[in-house]
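Shared between the two complexes below is subunit A, which has subunit B as its partner in the first and subunit C in the second.
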Partner chain A sequence: MKNLFFIILIFSSIIFSQENNQLVNDNLFSLPNIKKFADYLFCQKDYLRAANEYERILNLVQNDTIEYKIALSYLEMGNFNEASTRFNSITESSSFYKSAQAQSLKLVFQIGDIVKFRSQYLYINSNRAYLDSAGLASLYMFSFLLTEESLPNEDEFVNAFQIAEKNKIRNFYEWKKDFPEKSPLKAAIFSAIIPGAGKIYADEYSDGIYAFIATLAAGYLTYDNFKAGHDFRGWIFSGLAVGFYAGNIYGSAAAVQIYNAHIRFDFVNELKAFLEDKNYFLQVFNFCN
Partner chain B sequence: MCGYLKFILFFSILIPIKLFSQDIIQNQYSYALKLYNSEQYYDAITEFKRLLFFDREKEYVYDANEYIGMSYKIGGKFSEAILYFTIAEMNTDNNEELFNSKIEIVRANILRRTISHAVALLDTLQKDKKFTVNSGNICYWKGWAYIFDDRWDEAAHEFSKIDSCRTLMEFCKNVEQEKYSVSFADIISHFFPGAGQIYASHYFSGFLSLGWNVLWGYLTINSFVNNRIFDGLVIGDLLWLRFYNGNLENAVKYVKEKNLWITNRALDYLQFDYQGIKP
Partner chain C sequence: MNNNHFIFKITLAFILSFSFKTIAQTDWIKWNKADYTYRINNLVEKRNYSFDFNNPGRFLLKSLANAYWFFISDVDGDNCSFNPTCSNFFILSVEKTNIVQGTLMFFDRFIRDMNIFGKVNHYPRVLNGHFYDPPSLYILDSDSINYIPPSVVVKNE
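Entry: the complex of A and B
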């Protein structure tokens, strides 16, 4: 009986020591656990902490998925320089290489350096084939909407996109082609000829009518007061009239500039929202499902 | 006998495993707490999150979330803090923990300046019979909520309900008394242009406003007296009324500026010199 008990104890202590070793290796900072935790943080969108945890792994082993996720984390945080460096550090042997290169190129676009993006795209496209070439081609074509360059032919432009996107893209194209901007110079000239006309041209109707009445009234009162010998009031009204007249010319030009800035802002915002929605036409890896 | 042996075998394996894994979790909690206590809040959040991720028994779910919330609050990330305090609140074991979590949510709301949320939460707590014993505490935080909402008299009223808060009550009363009256400045400016600015100690602006109003008022009346009605209407509308309105707006603006300065000085005192608990 004693022997049996002894055997059991030895047996259990062996198992216990094995389990112990496993637990020691399996502590919270073991490689698999760091990875699990990092993935959890990444999916919780706690990107800074996720990147830090992934870095811990990279210090121990090389892993291209981890490298790619670090780059994505920096991208999500808006740290474009670091993200670009990380995407570019992914080597050609990696299965993420093409996507990383595409992301890196997209970053140039995202930073707003459209000219650089276009030249880099043309250079790379002529030298290397991309997995995501269709997406980058769409992005390249889309970039025309954000520059002052003349637009390509409508069909050529629209055909660079997928069928589901074509309608929206055609709308953008037409919007850009006949951009409803107005001329500040025209507004100033209109107001110089008829006070308030420039404001009406800038779609500010009430301001235009008010400016017209105020300038006319001040002008009339200047004339009338000088004529009646009330020089002091005459000078006051002449000051008012000149102020209204000049202010209205300047104000009309400024109103048109504000109008233009407003429609340009709306246009760019719509483009950006569309791009974000389409993830810049690039392939998306879903690491969280 | 066989059952006895199985029993020994089973527990000699399972208990150490269980104890050992809980040891790891407990060590992690101690480590995270150490980081928190040494004011390394970013790292503390990471380690508390790691603890939460691996704590399958959910033994530390309340404490860890509470500490994460505190760390975020100290870092000025009030919305994140509220999120974690709310998770902590959902995992409380007793009324004391529940009350603490709710108060932490209130404090974060005060700092985030979502005062209406804070006051609404405090009102709910006040109505809850579970927390009758904490009524003093509730009034205290209501007082602070009113302070941050620039309602110093109401804050003084809340502090007056707590015996140990006499100093704070006096302080709030003094701030309220020191503040300038916006409506008074507005009213005197209606009757005597420039008076509101002078009341807010902006003497030059006050007298200048008075001068302009006298000039344009005189010219308007003079035009009417001379039977030049249209002249009078235009001068009155385009000049006198504009300067008159400007005088009213300026009076209110200057008084508000003055009050802001007084309030900021008071908040400055509370932040750096007041020794009691603060949001």
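Entry: the complex of A and C
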């Protein structure tokens, strides 16, 4: 029994021994191993640690792919300034140069400075042929949707995009062209005719009903108190009735303005979600497959 | 033998008696009693009872508001579901616009406050759960409207 136990013990050490002999024999901090680890972190979307590991490689050797990945890591982390610096540091001799320049310009758009993006794009476009020209042209055209500038011709606008995107783009174009805003003046007039109607026009149904009830109730109490000879109470309720009536006319106009701000907010959010989904129409390098 | 046994017992008792001193916890900061309180943080809107003597209109308005807060609202408790509260909304509206527009804004707010069905999922909330509804949304200047969706909790009012 004892012998059997010792035999099992001796052989178990061989059975469960370290299999990855190469990893044991190699230096864990060798260049290929650091790169392997950094790539793993990058593909696991652990961009902060991936960038740190890639920086370690850059200290040892210059590599444009690593520089590009560092820039992408900062971009994914939302550190736009650092990402922009890193993209701009990629030299013209690199195969990533044009993409990096496009990404750098896209960052201006992503930060929200649409006016600067448009002027920079036009400047670059007029001075030299741009690498990711189709993608940037699409992004430039898309930027019309986020500015107050007048839209170009519909066909010209839609043709700047890929076939698969055209339907969605056409919808955005039409939405922007005939923005479904409501009129504050109309709301005020509606509420002046029927208290609360302007609020209902602004999609504030329960507020509209409450305004109607409050104005009607205060009006009735005014009439009832004056009729009963309670003049003091009559004046109080008449003040309230006038306040509710006028306040509701004013509030209906304000509610429409908030409604318009709401749909503008939703429109911009939808545009941003679409852009994110399409990676801002720029070329994507898949480093993880 | 018995003597040895007795000495062993005494030694053991001696070691046990002092062992709590030798291996006692030294990390006092970590293990000290925590002064915990389970009271909800006081997130109630702070009253500003100050007066402005330079402007007669504002002085009159603030006097009325202070009186209302002191004699009625503070006694009644934290019951207004909005932030800023309706009385504070009135003062802020008048300060932002003028007495006429501010009064209209107040009446509109008053009607919206009466609406017990339309507030949830309509206004964003502040940390104490009140509905965030600043006067800047109602001054009829579309540029001053900063739309915040109801799902957002407003931390910096």
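Here is the rule we use: the second predicted complex is superposed on the first by the 245 of 289 C-alpha atoms of A that agree within 3 Å, B and C clash if a C-alpha of one lies under 4 Å from a C-alpha of the other, contacts with A are read in each partner's own complex, and residues count from 1 in each chain.
Please note the rule applied: a residue touches a chain if its C-beta (ideal position, glycine included) is under 8 Å from a C-beta of that chain, and two chains touch if they have at least 3 such contacts.
Keep in mind that what you see is a predicted model, and the values were worked out from it rather than measured.
*Asks:* Check whether A:R170 is in contact with subunit B, with subunit C, with both or with neither, and answer first, second, both or neither.
*Replies:* So A:R170 meets neither subunit B nor subunit C here.
*Asks:* Now for A:A214: first (subunit B), second (subunit C), both, or neither, which partner does it touch?
*Replies:* After superposing on A, A:A214 lies in contact with both subunit B and subunit C.
*Asks:* In the superposed arrangement, does A:I236 touch subunit B (first), subunit C (second), both or neither?
*Replies:* After superposition on chain A, A:I236 lies in contact with subunit B alone.
*Asks:* Who touches more of subunit A, subunit B or subunit C?
*Replies:* Here the partner covering more residues of subunit A is B.
*Asks:* Identify the partner contact of A:S206: answer first if only subunit B is touched, second if only subunit C is, both if each is, neither if none is.
*Replies:* Only subunit C; A:S206 stays clear of subunit B.
*Asks:* Would you check which partner chain A:N248 touches, where first means subunit B only, second means subunit C only, and both and neither mean what they say?
*Replies:* Touch partner of A:N248: subunit C, not subunit B.
*Asks:* One more residue to check, A:D46. First (subunit B), second (subunit C), both or neither?
*Replies:* first
*Asks:* Once the two structures are superposed, pull the subunit A residues common to the subunit B and subunit C interfaces.
*Replies:* Shared contact residues on subunit A: 214.
*Asks:* Can you list the residues on subunit A that touch subunit C in the complex?
*Replies:* 184, 204-207, 210-211, 214, 243-244, 246-248, 250-251, 253-254, 257-258, 260-262, 264-265
*Asks:* What part of subunit A is in contact with subunit B in the complex they form?
*Replies:* On the subunit A side, the touching residues are 4-5, 8-9, 11-13, 15-16, 19-20, 23, 27-28, 33, 36-37, 40-41, 46, 49, 52-53, 214, 217-218, 221, 224-225, 228, 230, 233, 236-237, 240.
*Asks:* Residues of subunit C touching subunit A in their complex?
*Replies:* 101, 103-112, 114-115, 117-118, 137-140, 142, 145, 147, 149
*Asks:* Provide the residue numbers of subunit B that touch subunit A in the complex, in ascending order.
*Replies:* 5, 8-9, 12-13, 16-17, 20-21, 24, 28, 45-46, 49-50, 53-54, 219, 223, 226, 228, 230-231, 234-235, 238-239
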